[in-house]
Amino acid sequence: MSWLLTILVFLPTVGALAVMAAPRGLSRWLSAVFTGVVFLLSTWLYIGPMLSSGGNAAVFGNVSHPYWVDQAPWINVTIGSLQLKIDYHLGADGLSIFMLVLNALLTFLAVLGSWNIAKRQREYMALLLLLETGVMGVFCAFDLYLFWLFWEIELIPMFLLIAVWGGQRREYAAWKFVIYTVLGSAIMLAGILLLYFNLGSQTGQYNASFGWLATHHVSGNLTILGLTVSSQLIIFLLIYVAFAIKLPMFPFHTWLPDAHTEAPTAVSVLLAGILLKMGAYGLIRICVDFMPSGAHQFAWPLAVLGVINMVYGGLCSLVQSDMKKMIAYSSVSHMGYVILGVAAAVGPGATNPAFKEAALTGAALQMFTHGTITAMLFFSVGVLYDRAHLRDINAFGGLQAKMPRLTWIYSFAVLASLGLPGLSGFVAEYLVYTGSFSTFPILVAVSAFTVIITAGYLLWMLKRSFFGPLNPKWSGITDASILEMTPLITLAVLVLFVGVFPQFLINLLHPSLSNIIQTISGAVTASGR
Amino acid sequence: MDIFVRDIWVIPLLPLIALVLNLFIIRPLDVAYRDRSAHAGAAHDGHAEHSSSEAHYTAEELIESSYVSALDTIDGHIDTPAAMNHALQTAQKTSGGKQAVALMRQLEQHPEHPHGKPTIYARLAGYVGIAGMFGSFAWAIGALFAMFNNASLQKGLTIPLYNWLTFGSISYHVNFYVDSLTVVMLVVVTAVSVLVQFYSQEYIESEEPRGYSRFFAWLSLFAISMMILTLSANFLMIFIGWELVGVSSYLLIGFLGKDAPKIDGGRPSPSAAALKAFVTNRVGDFGFLIGIMILFAQTGTFTFTEIPQKLQGTDVTLITAAMILVFCGAVGKSAQFPLHVWLPDAMEGPTPVSALIHAATMVAAGVYLVARTFLLFHAYAGPQASMVVAYTGGFTALFAALIATVQVDLKRVLAYSTISQLGYMFVGLGVAGTDGPGMFHLMTHAFFKALLFLGSGGVLHALSGQQNMRKMGGLATKIPLVAFPFLLATLSISGMPFLSGFFSKDEIIAQTLANGDVALYVITVFTAFLTAFYMFRAWFLTFGGKGGALGGLWGGKYRGEVHPHAPGIRIWLPLMLLAIPTVFLGYWGFAPLGGNFNAFITGNPAAAPFGNPFADPMTYVSIALAFLGIGIAWLMYGMEVIPADALTRNPVGKGLHALFFNKFYVDELYMALIRFGIFLFAKIAVSIDKYVIDGIINGIGSGVLGIGRGLRKVETGRLQNYGAAFFGGALIIAAAFIAVVYFGK
Amino acid sequence: MLLSLNSFLILGAVLFCIGLFGALSKRNAVSVLMGIEIMLNAVNITLVAFASSSTGTAHGARLTGQIFAIFIITVAAAEAAVALAMIIAIYRRRNSVDVSEINMMKW
Amino acid sequence: MDLASISFLILAAILVGSALAVVLMKNIVRAALFLAALFGAASGIYVLLNADFIAIVQILVYAGAVTILILFSIMLTQNPNSQSSNPGNHQWFIAAIVAAGLCAAIVFSFAQNSAIANGAGNAVTAASTNNTVVIGNLLYSPTTYSYVLPFEIASLVLLVAIVGAIVIGRED
């Protein structure tokens, strides 16, 4: 037991308490220190194993044998033949480390990005820190119940952050967000219980730890309302509903534009950068790995929905006039890549598992890519909004003349978002496309249409707002300050680095993902499909 | 010597170093220095420009004033005059729209003349860029001679860089590959680049001094991208380069600060042109990407040299489809019909950029792509693939030439001529048995077209940005240092014997006939006639005209208002240097003098050289047609013995003129497709979101609320009601219980 | 068997229901309270009847019902005191003891 | 028919009759007086059931204290304007149905339940010992099984009720 994960999860909570206890003026400094420390510690998750193994990425392990483990017994109740066993079990393999570090970084940057927030700064910072705890927990919980617990914990601060610090329709947006999500997690809990007790009665051992679930799969059928369906499919669907809402997947996506539009800048950043990734992470880590043959049976609908996400989100972005809403819909579009990649990984055909791993790696990289790039976009819009108190694309025009720095970095983010090679978006999209094609040729061909739409709406937005002759009404606007540029530049460097040298991330993910691919192949072979 | 080939990565490295230095050290210094001097100037002037109190507008006012949408709408309809007029009228109805239109007109009639000079750091940026580029050029020449020396190097050499990932049997390599094709392309790219960069110093100094260092950074970025594209060993790398040149082009087209649509000139704003270029290219990339995916799914590799082996036994139809889709990418990048619409608009960028990117190098990338995958097109795909290439090229060549005959904007004539010449290259690749003829024309065209564009830049520079040929005339005597090389290039593109364009173009025309394709022969020869006509029309309108020497060939009446001023050495020297290959490069493919370009480019010493054009009687047909074209142009615009509107007096001619002048209404068609196709779909999607999905969600919400509102009436607040309900409930339970227990049996 | 347990239980039930009717149908708060008192008495009768008919032998088994009754009486007394105090308080404030006008306990 | 049975019949008749009078009387003062009669008759029932201690307590607490309390509050809240001092409300009809139904259900159940109807035999058993002593032991005995704690809590409840009543009823 190394305690590092426990510290990472609960240090932000300590920070939140400290912020609440400290004088108001100190709150932002304290939260910057705490999130900064958490970020530095989180990098050790990557550096530590790399140093100890001399750079061999295989050391990160997979879901059954993660490198980092914190485990302690917690609840163990036996009622008759039923046993309820919940462990305090944190773990981190490549896939988790990847998300943990991203979360730590984005939260730190979000604190910097909210430096000048005026309204109830202390409470705001404390909630940001609490949110970090919840999300950290989700990404490193290795017990299904614990996972669900953290999944719920994250919701509360997010709800408050939107409902208190949001824009005009913040209450509507916050409620919509929370009702959608709670509905999903209620259904997910049903799925978790079904999985736990079914598997328990089948194997005779009640255990919700990820390592156990990844190696022991439910079998047999369930009869629901007279329909007999394979248990894996039922459980997959029940649990996936929560992730589909979070991702968000069409048709569960409508909370996203509202939440993004109303949330304050830094919260939008976290929402897009991290919270959506929770859905993707859950899909890969839980749905695919624990119910491989259920996922396999659902692969076709999943792929179709992924493609709908991509194209539909893109089309919706095209006609938005609100910048944030446009970026929100572009998130829908971009998360479609994740769905498509995962669908291809579990899908039929493609006897060559290498293609599947390419698709899955692409999906995982897309999580990183979207997290960083959309964060940049939201930070940039936030800078603009702070000055103009407007986000309407048509209200600006020619800002390039007055805000060269912002134009520069915003263009960078836009180009990264539309998949420019050399930036991380390209790597992910290219892997997803090339990896998925052999599984779903027609669908992928249709989805490639997205590359046109994406370029269209992003560059058109840039053209209308930033280029052309300066709108005389904005002659007094000032450029982004150094403080505002800091998170943007940090992310830009990261996006560029990953775009040019993606292999360090791919190596980090490889042990986890190849394990998942093996699980899928094993399950698919066993089911004889 | 071989080191030049083995370490070919030096070529992209040098501009990369220049870019990094420029972007991260020199440009910040430039900006800081400039800001400080600007501040000093402002303080000296004593009036503060910014007052924050100006920005007191409510959100509604700003959105409704529709300043931006007026600009954008007019910008989007600039190619479709009727729609533009409508947009203008609509715009006049709102305050912001009025403001926007007024601003547009003001900027068009009195373009802002940027003042100030580049700072010392900006100049340094230029020098660094040029130095890096020159190093690359020298290295490329070294590689070329290394290949002459050691013919085995022409076969190709893979230079591994690193690996994204390898899973089982598939891999994503980031590798370079160098063979004779690569080196020829690199020489062209570096040579034109270094000259254009040298030329740009003076051009950008007067056009946009504030963006001086940025401009050189983007030029370096473009050079790197183009080199990655050229050096790529696989489809992954070539796609990376492909997109990067696209984005460099985007950045450079939108570079100029005079960023408003020109209503009367019928020209979009640079940013609109950049957007159009990028998105149109993406349409091609869509096909390209699918083609790559098909090949990858079949073979598990992207590498050009491995794909053919692994394709053994694959369905030919599938490969044909894949190659046609790959060709889609080339269609986009090389501006072939139907994706040619972006290139004329791209002329809104600075003229050196037009010369480098939109004439000589980037637009040739499509040709290079087909040449690079030539084996797949000809040996693995069915004959339909090559047919598609050849006929797309042939049709585009004719189509663009027809449009070029009636344009009045000098740069647009050159743009359509570029499209037309690129069509020739595709014809060459489609009909010939090797990639020799197409690449040969690419090479010669790169130089003479760069020369033409730089020459037109010299004209624009002399006339302070005037692009309309009706406002020119007789310039040959005023700027002879520009006119002379320009004339050489015009002759070359028109197919005058002994100049480079003659050799390369005639080889392609000969190949169509050798392939037995009469239709293509007729098309290409007729296009050659049109080329000679419209190029000399442009020449006479610009440099010649009635009253000039030699029957209007040299000098004549000047129709403009601006006083032309002579260009400096930084402008005319590159022109002179480009004139050298324009004249002599053709002899590399002239067999009687020992030139065998074909053998070099294919890496096969045994490959037959191009046929001797003078030995082929059909050559004289095309020469005659070229002279005919020149002659008609001379009569119409030089000596003006035939009135310019002679052909357009009858209704047929008038209709044709309108058709050509409006570019066959392709832009109108696309505009309609976008508005009634894509945007309709987008609006439907949004409505689904708003009314169906959110309707269901909100419906459930208000349903629950409604039930709650109804049920809450039950809560009267009177304790006795509650009591009655409570005991009534108890009674019901008891009654049910009794009914079941005592009477249920 | 007039003095069987059943007779007392039925008596209690009838009283309880009458009291219930009073509690549910009266406007005057004091009257409602009186109905409740009837109900409490009915319950007490039932409890004592059970206690008396018990045949248990354990310590105190036969008197547990009576003990319950004592507690009920205690609580009823307390309740009556508090309730009447409240009625008076309400009367002071609203000049009425009509319970159908007191409907603040909603939504 | 023995004396006990006759007494039961008379007492039961008084109980039911006065209960009906309490809920049906138009005049609330009369209703309260009938309530006092009801309390007295109930005490008679307790005597019949050999619960003499309860009977005494009943007289003391109910007939004595509660009746007086009720009469006082009637006096304090008498509204001179109202025609009827003890009106029914709008839902008296529903209340009647519910009460009657419930009564029928309970009585029916008792009638059907043979265990209660037959098994228990005579409810009124002969007085074997002094009940009061036993109750005393059962309530206060510190050594044997007793209800000391509930008793103490009950006293606390009473205390709270007293204080509460004073606080609530206080004029402010």
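Here are a few things to note about the model shown:
Letters A, B, C and D mark the chains as written, and numbering starts fresh at 1 in each.
Just so we're on the same page, contacts are C-beta pairs under 8 Å (C-beta built on N, C-alpha and C of every residue); 3 or more make two chains touch, one makes a residue touch a chain.
These numbers were taken from a predicted model, which means no experiment stands behind them.
The chains that touch both chain A and chain B are none; no such chain exists.
Once the centre of each chain is set as its mean CA position, chain C and chain D turn out to be 6 Å apart.
Centroids of chain A and chain D (each the mean of its C-alpha atoms) stand 68 Å apart.
With centres set at the average Cα position, the gap from chain B to chain C is 94 Å.
Work out the mean CA point of chain A and of chain C, and you get 62 Å between them.
Residue positions of chain B touching 2 or more other chains, listed in rising order: 720, 724, 727. Residue positions of chain D with contacts to 2 or more other chains are 89, 91, 94-95, 98-99, 102, 106.
With chains as nodes and touching pairs as edges, the resulting graph is of another kind, matching none of line, ring, star or complete. Chain pairs that touch one another, listed by label: A-B, B-C, B-D, C-D.
Every residue of chain D that touches chain B in the complex is listed here, in rising order: 89, 91, 94-95, 98-99, 101-102, 105-106, 108-109, 112. Those residues of chain B that touch chain C in the shared complex are 712, 715-720, 723-724, 727. Chain contact summary for the complex, chain B toward chain D: residues 720-721, 724, 727-728, 730-731, 734-735, 738, 742.
Chain contact summary for the complex, chain D toward chain C: residues 1, 4-5, 8-9, 12, 15-16, 19-20, 22-23, 28, 31-32, 35, 38-39, 42, 45-46, 48-51, 53-54, 57-58, 61-62, 65-66, 69-70, 72-74, 76-77, 79, 85-92, 94-96, 98-100, 102-103, 106-107, 110-111, 116-117, 120-125, 131, 134-135, 137-139, 144-147, 150, 154, 157-158, 160-162, 164-166, 168-169, 171.
The touching residues of chain C, when paired with chain B in their complex, are 20, 23-25, 32, 99-100, 102-107.
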